[in-house]
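Starting off with a structure, shown below.
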Amino acid sequence: MVTALSVLCGVGLVMAVLLAVGRKAFAVEVDKKLELLMKIMPGANCGGCGFPGCSGYARALADGKAEPTACPPGGPTLAEEIGKILGIEVEASEPMVALVSCAGGNDASPKRSQYSGIEDCKAAHAIAGGPKSCVYGCMGLGSCIHVCSFGAIYKTANGLVRVDPEKCTGCKKCVETCPRNIIKMVPKKADVHVLCNNPQKAKEVKAVCSVGCTGCKLCVKQSKAIEVTDALAVVNYRADTKISDTAALACPQNAIFDSRQYSITDWLENPATKEAFKKRAADWKAEEKKRKAEAKAKAGAKKDAAEKKEAANGDKEGDA
Amino acid sequence: MTVLTFKGGIHPKYNKDNTASKPITSLAAPKEIVIPLSQHIGAPARACVEKGDAVKRGQVIGEPGGFVSVPIHSSVSGEVKAVEPRLGAMGVAVPCVVIENDEQNEAVEFERLADWKKVSPDTLKDKINAAGIVGMGGATFPTHVKLSPPNNKPIDTVILNGAECEPYLTADHRVMLEHAEHVVEGLQIIQKILNAKTGIIGIEENKPDAVSAMEKACEGTDIKVVRLEIKYPQGGEKQLIDAVLKKEVPSGGLPMDVGVVVQNVGTAKAVRDAVVDGIPLIERVVTVTGSAVAKPGNFMVSIGTPVSVVLEHCEVDLEKAGKLILGGPMMGFAQYSAEPPVAKGTSGILVFEEKDVEVTHPLPCIRCGRCLDACPMRLVPADIAAYSDKRMYDKADANDALDCMECGSCAHQCPSQIPLVQKIRLAKSEILAAKRKKG
Amino acid sequence: MTKQLIVSSSPHAHSGKTTASIMWTVLAALVPAAAYSVYLFGLPALTVLLATTVFCVIFEGLSNFMMGKPVTLKDGSAALTGIILALTLPPGLPLWICGVGAFVSIVVAKSVFGGLGQNPFNPAMTGRVFLLIAFPAPLTKWLVPTGTGEMLFNKPVSAFDAAGNLVSAGAANVDAITAATPLGLLSEEGAKAVMGMDTSTEFLIGQINGSLGETSGILLLAGGIFLLTRKIISWHIPVSFMAAVAAIAAITHAVNPEHYAGALFHLLTGGVFLGAWFMATDYVTSPMFTRGKLIFGAGCGVLTMVIRLWAGYPEGVSFAVLLMNACVPIINMYTKPKKFGLQDLAAKKEAANA
């Protein structure tokens, strides 16, 4: 009994000493910084930083080969923490989110063919240009949903996909996946977006979608932060000017979305909201017209007066 | 006579009886012709005419955009109405030259060549290049490039592909019957250019009339006519070489790696017409058939004729149609509209009634192995498709996705109706994109 | 655009042979053998057949519903599993045991793995083996064919009343009459016990007791050949399976005829025909390549004979098939054929090196 106990204890003791020695002798050297960095990584392994996963990014950071602001899911908070660990100053960056710049659901831009095949946008786009009338619009097959590691993208009832800005970390995976380049990175705090991706001229756009941007530039008149290139209005998110809420109202196609007035879910999926907005926009437009007409009448009156004067002068000259 | 074949492949319903006996008839060019500037593999042609220009039949309207490119010619005389994007066969708008046909049919002077045997191979090649000839079986690869193998790859055999294994299509069949001498002469020209001793014409044995017509035309020459088993894809380049010469083109390689060049019989005729008569490729034989076609047939159609015009002539009621395909049923492209024009590679126009086509609802793979039995490249389509589903494109590459030639045999056989070709094609494009990225 | 055409990837043609049509064809091929078992055993066989099939279909529907998947009853795979399972069970099996078998087959062996096409093990075999291990007594109670006298294969039959007590065969209160199967006799008493049996006619036509599908060799063979002609199955698995069984039986018989029965006896008794033609050929759980199929079939045959001759169970087809199912991924890995254009490339490289 005693022998057995002492032998067991002895074996245990020897093993413990061996292990302790082994731990010191064969210790794997780990960079202290790397260890700390690994701890604060978000752990999504989304690849948004351009390195193979979170550990790859941490290693690159420790080696000084990566920017502390490169992690989209971590955002400025993580950048600050990384800065603390690495002992460097980090400039705060604007948080960006993905935005699906298409509002042409099945109701607005109907299907032009019956697609039979795999649920993948790239594959569908390669077959007769996809089933949607608008070849620049969202087909809603959801390739972006598959690549999103954060479950931030979902399908809407009317055949589109939408990014939930609260869940989106800005990793840009969806942006790379979309074969039609519909998903754009926008500042999270931006309120006004042009929800159209079609650069074609008015006639072509109207033929395929009832809410497509025709490039009419009416919105440009309302706000300097909107620019029109290739007959497509684009919000210049870098411009400091606040976009007036009349920009959305001025759009004859209802292609501009203003998050200060409606939630995007309502805007895209609730027909009642759409109707209400349409009415508001129409009212505003009518008023604007009236205002313009009045202004014109005034100007016209002035002009008339001036013309009369001129005519009178002319008569005089003729006489002379 | 022995019947030659390859391993794998399928036996689809051929459905050629409707048009096989219909002689080629010419279709008058319509009032408006839309000629795409890219009807071939390679760089698109550059338009060299402008709106308002008067053009003649056969006049160059697009200059080649590089070595792997060909010029584009006007198929009618008239006035250029626009150079603008129009709907092409892939469902998206492509740059086109739109010409209003003045119906005068005024042609440029074609440069005839009485005795091509006395001319140097390079001159012949230039003539082929100038005529804008591409592979007319559907691949549309510029012919002059195929006829310019590097010096270290001597060509000893030219095989003319008269298999026409695509169901429904009979364009090549009719060309062999009606222009047998021209096809043989075309083959001789190609042989001269390549300095190839052997010329072989392979024809599937369901076209005995074509076999005897070609045999008759080959009398007095060294050219052999061989019969091939009725099997799809017997006309696939690598399968044809395997069947005729018992040679396997190495994976990732080209027929020239085994000293062979394969040309379609239609291409051979076009080569002959270009060299001897000086006529560029401005019209081609198109088979129009399918269950929704009241008057099917084989037609000589001017390049640029909108499909809708051809269908009108064949009395197709598009309201009853369920599917419109440019090309054959195995490798052709489904269309959502009849607006695209007939191009150099359009070998057929198929229209099926709504009741004959359906939106499929694939079931899970049951690992029955029909796809791999059918695959002429001896791949495992089910595995590649499964990796494509899971977006594991590197694994798909390791399973030789890039060897797939998209013949469609696997999907034709799949009892679960899985769109295998589409999945593999997606994997292929992703693999190639990743390789390009790496550089 | 008023008219919407269908657009899809090439090819636009299909062979017309669908998963459902394949399943129903296999089912049709099994009908003669199933019908014959009903003729042979009467109502007890019919109830087992119906109960198992109905239970399988119900469980399939239920698991589809619970997993939120599209209902897959139309493809016929559940009904087919049910019929095959029934054919491996003895007639007169209590219905609730049939239900348990169906549950294990459909839910445990198939739906849990992701449904059709995802299961590594043959569902019907899994169900049968589960029952055999869980309920050994009812699973080895072999009813004799109706019209058999008091003797079967020169052995007296055993008669039971409704409570399960042994009674005399001629008694009025007999509920079931059973006897050992030929394989059971062989296992317990050696080859001498089965020597006098008429292998050529009784076994081939099926005047024997056993599971529903172990009776008529000729009808199963007919079903298998029907599947061959319809190109539903290839010859590789059944032929290599039966060849391996026959070869081992012939060799052992030649070595010691006193102890081991002959090739024909082993082929025609038990589930070799059912296993070789209908269970080992299940697409999902068998190899995809020709060479692999031959290895798989031979493996099934060898394991069947090993279990029959030297293990505790008199019959080993279901164990053999399941064991070989487990080997399928590795068989597939090593039997994948070389792709087109590789042979020449290898030859060229060698030539270049030389």
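Per-chain residue numbering starts at 1, and chain names A, B and C are given in the order in which the chains are listed.
As a convention for this text, a contact is a pair of C-beta atoms (placed from the backbone, for glycine too) under 8 Å apart; a residue touches a chain by one contact, two chains touch by 3 or more.
On a predicted model such as this, the values are computed, not experimentally measured, just so you know.
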**Q.** Most central chain, judged by mean C-alpha position against the global CA mean
**A.** B
**Q.** Relative to chain B, chain with the most remote C-alpha centre
**A.** C
Q. Whole-Å distance, chain B centre to chain C centre, using C-alpha means?
A. 49
(Q) Measuring centre to centre with CA averages, how many angstrom lie between chain A and chain B? (A) 43
Q) At what distance in angstrom does the C-alpha mean of chain C lie from that of chain A? A) 58
Q.
Two or more other chains touching the same residue: where does that happen in chain A?
A. 112-114, 116-117, 123, 127-128, 131
Q.
Two-or-more-chain contact residues of chain C, please, as numbers and ranges.
A. 1, 4-9
Q: Would you mind listing the residues of chain B that make contact with two or more other chains?
A: 91, 333-337, 358-360, 419, 422, 425
(Q) Applying the document's contact rule, which stretches of chain A touch chain B when the two form their complex? (A) 112-114, 116-118, 120, 122-123, 126-131, 135, 146-147
Q.
Could you list, by residue number, the parts of chain C that touch chain B in their complex?
A. 1-15, 17-19, 21-22, 72, 75, 114-118, 283-284, 286, 288-289, 336-345, 348
Q | Of chain B, residues touching chain A in the complex | A | 90-93, 333-337, 358-360, 389, 391, 419, 422-423, 425-426, 429
Q) Which residues, counting only chain C, touch chain A once they are in their complex? A) 1, 4-9
**Q.** Touching residues on chain B, where the partner in the complex is chain C
**A.** 10, 12-13, 91, 167, 238, 242, 247-253, 258, 318-319, 321-325, 327, 329-337, 350, 352, 357-360, 363-369, 372, 376-380, 382, 400, 403, 406, 408-409, 411-417, 419, 421-422, 425
